[in-house]
Each structure stands twice: as C-alpha cells, then as structure tokens.
C-alpha cells in the first residue's frame, strides 16, 4: 500500500483490466433495474461492445509479450485480488467479448422467436452475467476468484439453457444435468484449490507458482493438480466428462448455444492451460504423466465424438458432438507439450470459437424459418436461404480444416507440432479424424442443397439482423485463414510465456499501478 | 484433547447423518436430515473457530435451503423411487476420488499445526496489518469486504444470478396445472390473437 | 394456515424483532460475526415468515414483486457503484482508501459499510424473490400429507 | 500416532465428501441429488475450515474495549481467517446453486410429472425414438 | 501490361465470370455472352504472359504472408504456363460446347452451372501459377469444392452418390495425406517454395523419402493413381461439358500437374533418382496404366470407358515423374497438353452423341457414325491421338516417355507403354468401328437421328484439328518445357 501523498490518479487506460469485466457486470443489474424490455437489448449490446473494445485495447498492449497487472482494491497480491492480462488470456478475452458482441444482434430476432416476450429483460441480464463470469474467469490472476466468476457464468448458463424449455421440455433436464455435472466440476476445482492452499498458503496464481516450485515433490500438490484438471475437464467437456454437453447445446435457445459453444468450454480450457503451465510448472505436468493421459483422451475424443457426429440426424446435435471432438484437438495440442502444440491449442481455441459461432448462428437462422434442426426438415433450405447456406458451407469447411479457412491454420500448427515431436503417426491420426469431419459436414451440405425445400418451412432468407452476425463470423473464418498475425502471432507469444512456466508470470511488473 | 474428542463426536454424528441420508427414501426425512447435517456442521465450524461461517451455514443450510427443499417437495413428490441398479460405478468413482484425496493428505501438515504454510504465509499479514489498515475487529469482515472485496462482489453477483435465474425458470405458465376455466380463457385469448393476426 | 390464531399473533410480534435483528447483524458485522449476507437472509426470513402465515398475497402487498426486482439489482449496483466511485476518485476499483485519502482506515470503514449494505439489499431481494417464485406454484400436497 | 491424529480430521472430511458425491451420482431422485450435492459441498467447506484451524487458536475477531477500540493482546493465537472468507463465499454459491437446482426440479416435475431420473430418461428416450422414426432415415441412409 | 498484373487478371477474369453468372442468373444471353468474353480475355492474358516471359521462370510475387515462411505467392514457370494455356484455351471451346449442350439438353440451373465452372477455371489457373506448395494446395482444394456442385448437378440420387464419392476421395485424400505431407515438408525444409532441384535434398533420408513421396502420390487424389481412382468414374454422372473440361483437363490435369511439381520442385529429379524413392511409384503407375485399361475395355458406358482411359493416361504422367529422368519428366509434361486435347475431343463427342441420340451405352451405338459423320470422325482422330499414332500429338509424349524409360534403364516400362497402346486400340477403336461399320440389328434407332447442333459438334471438330496441329508443334512444346528439367538455365 503506497502512502497517500504519492498516489497518482489512475487514468481510464489503467482501469482497462477491471473495466473489461465491470462493464458487462454493471449491465446485468442495470437491465433488471431499468426493467424495460426495449432498453434491455441496447444496454446489453453497448456493454458487450464496450467490453470488446476493452479487450482489443488490452490485447494490443500485451500481444507482443509482457503483462498488465491490476490490483483490485489497491491491495497488492497476494493479499488482494489481482487481475493479470497477458497474451494468452487477452486472446481469450477478445474471443469471448467479440463473440458476445456479434451474437447479441443475432440474438434479438432469434430470442424474440424462441423465448416468451415477458422473459426478455431477464434473459439479457442473465446473458450479461454469463459474459461477465466468463471474462472474469479468464482475466483474473487469483485462483479463488476463478471459482467465484466461474460460478457466475455457470449459474447463468444453466438458466440460459433451461430457457430452451419453451420449445422443448428436454432443455430442463439438460440444464439440470449440466447443473449437477457443472457443480461437481466446480467443487472438484475448489477441493483442488483447497489442497493447493494448504500446501502454499496463498491464492495468488503467481505466488502459488513460486511456492509450488519451492516445495518439490509434494503429494498434496499432486492431488490438487488432479482435482483441478478434472474439475476444469468437466467444464471443458473433456472426453469422458462430456455427457452434459450434447443435450445442453442441443436444447438451449439458438443464441445461447452460439454463445456458449464458442466461449464457455474455451474459457475452461484456458483455465486448465493457465493452471498447468503457469501455476504448476511444465516440468511438474510432465512428471505427473498428465500429457499422456490428456493426449490419449484427446485422441479418443477426436475419433469417437466425430464418429458419433456422423450418425446424427439433427444439425445442432451434430455440431455439439463435433465440439467435443474439436476440444480433443485443443487438448491434443497441450499433450504435445511443445511450442507449436500450445500455439495450436491457443489458436484453435480462437478459430474454433469463431467457426462454431458462425455455424450455430446459422442453425439459429434455420430454426427461425423451419422451426427445427432435423436434417429432413432443413433439407433444401440452402436454396431458399442462400446466404445462410453459404455460411454453413464456409463454417463447415473451417471445421474440416480446408485451406483458406481459420480451421486450417490451427490444424496446420497442430500437425506441425506432431512432427516436431516426431509423431508422424499422430499427424496422420489428426488428418484421419478430419476425414470424419468431412463426412459429417458434407451430410449437412447435401441436406441443405441437394434436396427439395421442406414445404412446411417459411421460404425466406433470414433477417438481416441475423445474416449480419452470421456473415461477420463466417467472414472471420475466412479472414483468419489468411491473416494470422493476430491469431497465430498472439497464440505464439502466449505459448512461449506458458512454456516458460512461472517465469512467464512471476516477476512483479514494472507497469504496476504505483 | 477435549477439542479432539468433540470433533470426533461431531464427525461421528455427521457421518451417521450422511449415511442415513443415503439410506432414507422418504424425502421429507432426507430434507430434515440435510438440515441436521448443516446444523451439525455449523457446530463443527464453531469448534474450528469459524463463527462467521457457522452463523452463515446455520442460516443458509439449516434455514433457507431446508425451506426451499420443503417447498420443492411440496410441489413435487414425497418419496424417492428406489432403483438400485446403479451402485458399482458410483462406488468406484467415490473410492477412486477418495483414494486420491487420501493420497493428497499424506503430505499435509498436521491438523492445527501453527507452522503450516497456510498459517505462515498470507494469513499473518491480514492478522497483523488489518488493525492498522482497516481497523475492524472482525478480521473476517476486513478480508471479506476489503482485501478480497472483489470476491464478495462476485458472490453478490452469484446470488443475483440465482435470483433472476429462479425468476426466469419459475415464472412460466404452469400449463398442466390450469383449471379448466383458466384453460378455456387462455384458449379463447389465443384464438382471438390468431384471428387478429389473420386480419392484418 | 389462516386458522392458526396463535401463529398469526406470534408472527406479527416476531417479524418486527427479526427485522431489528437483521439490522443489528448488518451494521454490527464489523465487531461480531455476521454482515450483509447474514443480515439479508434474516431480513428475508422475516418476510418469508409473514408470507407463510398470512399468505403470499398479503406479503406481496407490503413488499411488491416489482420492488423486489429493483432491490435485488440495486444491491449489486451499490456494491459495484462503490468501486466505480473509487475509480472516479482516481484510485483502483474498490480501493476504499479513496474515501478518506488522509485517514486510511476511515475510508475503509465507509467502504465496508456501503458494500455490506449492497450485499444485504441484494440478498434480501433475492431470497424474497425466490420465495415468491416458489410460492407462486400451487403445491401438490396438502397440509396433512406430511 | 501423531500423524494419524493430525490427519484424522481430514479423513473424516473425505469420508463425508465421498458420501455426498456418492449420493449425487448414485441416486436417481432429483431432490436427493441436490441434497447430496449439499452434503458434498458442506464437507468441502469443512476441509477448508480445517485448514485454517490453529491449535489453541480462537476466532479471528479482536477484542475491543467499550469505545470499540481494538485491544491488541499478543498472547492470543488466532485461527486463519482467510479460509473462513472463502467459505462464506462458497456457502453463498452453494445456496445459489441449490435454489436454481430446486427451481429446475419444480419445472421438470411440471413437464414430466416425475422427479425420478430414470423416468425422465425413459420419457426422453421415447421422445428421441419417436423423433428418429420421424426424421431418421429421411436422408437416404445413415451416412 | 506487366506479367504480375496479367497473372492476377488470368485468375480474376474467371472469378468475375463466376460472379457475373450469379448476378445475371435470370438473363441467359447476357450471362453466357459475358462468360464467353471473360473466357477469351483469360486466354488472351495467358497468351500475353507467354509472350512476355517465354519459357523463363519469373520471380515469385507474394500476395501476402499467412505466417512466416508461408505465403500466397505466384510465379510463372514453363510447366505451369503450359497448364494454364491448355486450361484457358480449352475453356473457350468448352464454354461454347457447354452452351449448346446445356441448352439443347434442357438442363436446369444454368447460372449455377456456369458459375461453378468459371470458379473451377479460376482455381485451375491459380494452381498453374502457384509459386509454392501451400498456394497450390489452397487452389487445389478450392477446385475440388467448386466442382462438387457440378458433379451433383442433376440432383438425382445417383448424382448425389457420385458427388459424395468424388468429394470424399478428393477432399479425404488431400486432407489426410497430402496436407500431412505438405506440413511435414514444411517442418523438414522450413519452406514450401517450388525450387529448381527440390527443397528436400539433405533434409530427409532413408525410408522416410518413399513414405513422404507416398503421402504426396496418394494424397494428390486428382491424379487418380490407383487405388484412389474411384472418384473419376463416379464423377461421370456430371453433364458432359464438365466431364470434358474438368475431368479430362482441369481437375485431373491439376492432379498430375501437382504430381510433376512435387517431383520436380519439391523432391527434385536428381534427388529422386539418387535415392530411388520413386521406384515403387513407377511400378504402381505401370500397374495403374494396365489395370485401368483393362477395366476400360469392360465398360459399356461410353463416358465410364473414357474415364478409365483417363485414369490410365494420367498414370503415364505419374510414371514420367517416377522415372526421375529428364526425358520422362518432359514426356509427362507434354502429355498433359497432348492428352488434354485428345481426351476433351472424345468427351465432347460422347456428349454430342448423347445430345443427338440420348444414348450412353456403347452397345447401342451401331451405325451412328453414318448419321453423325463429323462427330465420329473427330472421335477417331482423338482416339488415335490417345493411342499415340502419328501424325497426332499423343505420339510425341509417348515417345518421350519411352525414351525416359530407356534412360532410366527400365526397359520393362517401354513394354508397359507399348502394351498400353495396344489396349488403347482395343477399347477405343471398336467404338468407331461400331459406329461406322455395324448395322443396328433393329435399325430403328438410327432413323430420325441427325448430327448434333452446330455448337455441339463444332468444338470437338476444332479440338480434333488441334490434335493434328500439335503433332507438328511438339518440338516447340518440348523446347518450351526444357527448363523444367534444369538443363537449360
């Protein structure tokens, strides 16, 4: 705590890290306080956009390395809670706030269609809270703060998923399952934190990292590691812990699915990365043999989930299974344990986020016109909704990893990582699993284009309010397939910092507040 | 020593309660036992010097959540239907998880050890400096509202989320529960609305 | 439960005492266990008790749902608003020292007071709102089914 | 012996935790799952509070004189207040989760007319089966 | 105009045609006229590039960098220029033919058809001018995707099934194998630029060389090397103009072109010859040549027979690369052009027969030659060129391949090539013979059948003449291609 006389007034620029979370945080209760259906959406959108701007500014400061630390309440860590932004989480922040900013305009017509009008105010408030939670989880440098914000996002997610009940009652049981699984996951995470606290006496991640490194082999820390990874694995839908995901994604309202699929699991993956590399050291992770287990599960996920996706007759559900498979790619990148591998994880986290956002929003547009997501009911809709259909194709190609799309870049780096380790068989396995993606993507393309349009559907292109966001995301899929400076560059910086372990976190920043 | 004995006694009661919850299929009893469990744990918290926590656990665990659960079973069902075909996998999960935890305890500092890392690293700073910095007798309040005030803000947001969440989930129409008259009225309203849409 | 005369009389007496106790817990949290959260719960209990005995409609006349909605949002905003105020004063978010730059602990005192009030309001609002939501559903079981 | 005594608390807590977890994953009644979740979480709280306990310590509240001025007595040992704070937060999170879960149960009961997981799964399976019959093979084969 | 602008123009014009088709989708004449102009201009630009640079290799121009060491870049080199010339030149002819075919056959969705067609040409040109493997791969995939709607054009279950196989094999092999190979190459060499003499020498050795080559060879599914040839017969459900241009010229040639590029500029002929890594590929190509010919003989469906013939002929080019001799590579390169002109003639004739008679099976074609003399004459010339008889273009490339085989010391390959020529005779000439000399048993079918419309018979006639002309200019083509062997610098 500095003496009062020396205190230099902080500028807006200095407050960016906290504003990043605070703006959507305030928007939630503000919407409820205003209690106006007409104002809810604009407030949410403005807040989300402001958060997006914040994350952009933050990223521009850290994308070439270094980090920003913000001491909330003026209490220096480890006494107080610290916000710490570096390349890794700035990229995830940008993804989350960006997706929410794009999904919100899409949500307006979609929510109007799928959710009773009198719920809209609270719906947007909950949406904002979910955004707040995810941003808070990602930005914080305090281990317990992760849990608190994780719960904000989780609770609001359960509610958002349950709102699908006005169309299909199974949304309720899906939300309930998600609640049970999510809470078990969060509790595991808390147990892990407790064990770490017991061994280190601190909650600040950087401080924790130092102390864990000083402890040497410690069984308490090892158990803590296991619990944290499993807890976050549940949230991230890591392979055998993914059972909540297909139903939750399938029955949630379209806008919710688009937002969650692109962000929620990504935030969990990020936390996993952060703990594995910055809190526990890379060496520790290797000693635990975690890379082998994660790698094995990842490969199983890639094949099994893709295989299941092939046999779906429901577009949304198919995408949900594909998400599980794609999470496998991200985890595989971690298990490669080299620079390219981690870069692949980070970059795929981003690229897959935009891809799935585009696809799930396109699903939402189809739902608006046809009312369902079954292949036979959306058949032929590519002809009457050419722009939506084209977006599905672009997103699908990105999912497969066809060159010229974002998905290609991540796959490229991932395969490169496999070769770096000399695992050329793994490279072939990655590519072989992409073949399954070809099949499930192409089934939907065939359905959309090669059949006569469903006569019961409304034969009209989706409204501009939807097409705009869909095409921003589809465009992003193509854009980031060529311009990789932002994604790949930042991901590489992040990966370098992560691989450096606590060295990437430990020293007290020169750009500290005062 | 007496503390230890009290602890052991409390734990014995807690474990008994927990097992009883497993066995019992009368939901009212389960809920009541859950309240008992909370009260017992509140007592345990008192012996462990966590009076704030005990207070809260008693108010929340034994109070609010019991009331809510009673309300829920009043709205739903009183008895659990026993399906006893799933015990092996859950048991396995629990045993494995428990084993990992026990493994984790092997390197733990002894219970109550004043030299445990948790006692010597950050906590002393709170205990020593908060008098000067914040000047509030209850250190828990100092930490809760100031040092880690941000967590508490998050906690408030969690409560807020739960509040609007419950409102969102439960404010829907209870379509199956409508009386015949209500249903007829709703039906005619819907028909009128449709007719109006047809005109425009 | 309209027919339980004794319950109704005692409830009327109790509600006042409970509310008083809630205020005590709210503002005495610095010195003894308790604080905004506990106070909020206790405050809500007062309304819930009233509602249980006299019916939800009655308590909703005293404490209408729209007010509950506003309050539960207001509490969060008071908490976060305190932090924003600190920021406007040129300090970090939630840096209560900014309320009294020359006397650290005074600032802290007022800061803690404000945020605890925020917590209390939100918790009261939420608990009552949840009670309303549950009570708005018709029970499946009668009094004697237990 | 000292090791056992020093860790007995933790082991009890672990037994409680696992009992809670067992209830959550083995029981089919939705309300009971929530009760199990509560037991599980409260046991985790005990773990935390146990971490904070110092032998011979007292609650971390400083004694005050009549004016409310804090009296500093160096002989008193205080337990660690930090876990208490964390658990206060966690309790709140717990009740929030519980209330949401219960709200969902009420709605599930209204929609499915049951709160048994197996019945819900059966009903969902029946719905899914009907859907597959209606939509399944319309695309000319499975792949 | 400078060469760089021309390269972009050559890709831009077909793209423009694509958007033109989408934009004017309900004004058929404007649409088709516009496309025709674009086609002519595209060819003009490619010719202008030719006159600018001759057979030199130009500096690469990078459009932009995707990430370090990996950019989208273009340059001109003889092989690519030849491919671009063939593709854009034949586009004009095929477009005219396509107009006649689509209109007289009352096919639906003309705009979509021609839009995808133009898109395919744009990507073929992109492949031709790609300066590195990444750029080539990018356009390779775009080509696959843009031709998919063409194969599925009819929308019948059969077409959908064919398109599924088409896409499955092409995307599948390229993603699973070729991309792996590309990334592996990048990891090994740190670059993907096409460099004279290859980039892998000294970077990889031992058994990994044939494995890497295998990943490429099978990954380039468009080269239809067995067992990845199934897509080509499957794609025959497409309307004939597609089969003609894309599945005789653009798509399959893009495949073998990539194969040659990989052999020459990624591995380097010398490196391949040194390590003997391509020997297995040579045998596989030989097997493909013979096996596909034998299968072709058993096909009654004319287009299927031509498709298997294509499979066989493509393996000539792969064989040329696998021989790893200068003459082999030259022969392979030249065969791209020679086979293209010959096979497109055959396909267009098949289409003309279909337009006029709606017959697809060879067994039904008795006596048709007499009522459709021009079509069948053109077919004969094309067939002879494929067989490799002078004075037709195909003879020269086959000759060079034989010389290459001799150089490499693989006399057996000469035998394979000769055997293949015999098989060619066996499956191509009976069609002509049947048309001219056999009488239909019932004789009813011929009644009332006339030559197909002008727009349908003229293009094959032109390309047939092209086959003859190419014979006399083969020397020029050989000289033109010489630099790719690294001899003349």
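For clarity, chains are labelled A, B, C, D and E in written order, and residue numbers in each chain start from 1.
We take it that a residue touches a chain if its C-beta (ideal position, glycine included) is under 8 Å from a C-beta of that chain, and two chains touch if they have at least 3 such contacts.
Source: prediction; values computed, not measured.
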Labels of chains that are neighbours to subunit B and to subunit E: A
Separation of subunit E from subunit D in steps, with touching chains one step apart: 2
Chain pair with the most C-beta contacts: B-D
Chain occupying the most central position, where position means C-alpha average: A
Centroid-based (C-alpha) most distant chain relative to subunit D: E
Chain at maximum distance from subunit C, centres defined as averaged CA atoms: E
Inter-chain centre distance, subunit B versus subunit D - centres from mean C-alpha coordinates, in Å: 5
Mean-CA-position distance for subunit E and subunit A (Å): 44
Rounded Å distance, subunit A centre to subunit D centre (Cα mean): 25
Whole-Å gap between the CA centroids of subunit B and subunit C: 18
Sites on subunit B at which at least two other chains make contact: 51-52, 56, 60, 64, 68, 71-73, 75-77, 101, 105, 108-109, 116, 118-119, 122-123, 126, 133, 135, 137-138, 140, 142, 144, 146, 148-152, 154-155, 157-162, 164-167, 169-172, 174, 177
Shared-contact residues (touching 2 or more other chains) in subunit A: 1, 25, 28-29, 32, 72-73, 144, 148, 151, 155, 158-159, 162, 165, 191, 197-198, 203, 439, 446
Shared interface positions of subunit E, touching two or more other chains: 160
Contacting chain pairs - touch in the sense defined above: A-B, A-C, A-D, A-E, B-C, B-D, C-D
For the subunit C and subunit A complex, residues of the former touching the latter: 66, 69-70, 72-74, 76-77, 80, 83-84, 87, 90-97, 101-102, 104
Contacting residues of subunit D [partner subunit C, same complex]: 59, 61, 64, 68, 88, 92, 99, 102-103, 106, 109-110
Residue ranges of subunit B in contact with subunit C within the complex: 28, 51-52, 54-56, 59-60, 63-64, 67-68, 71-78, 132-138, 140-142, 144-146, 149-150, 152-153, 155-157, 159-160, 162-164, 166-167, 169-171, 174, 177
Complex interface listing, subunit D residues touching subunit B: 2-3, 5-12, 14-23, 25-29, 31-32, 34-36, 38-39, 42, 45-46, 49-64, 68, 70, 72, 77-89, 91-100, 102-107, 109-111, 113-116, 118-119
Residues on subunit A engaged by subunit B in the complex (per definition of touch): 1, 25, 28-29, 32, 72-73, 75, 78-81, 116, 118-119, 122-123, 125-126, 129, 132-133, 136, 142, 144-145, 148-149, 151-152, 155-156, 158-159, 162-163, 165-166, 191, 195, 197-203, 211, 218-224, 226-227
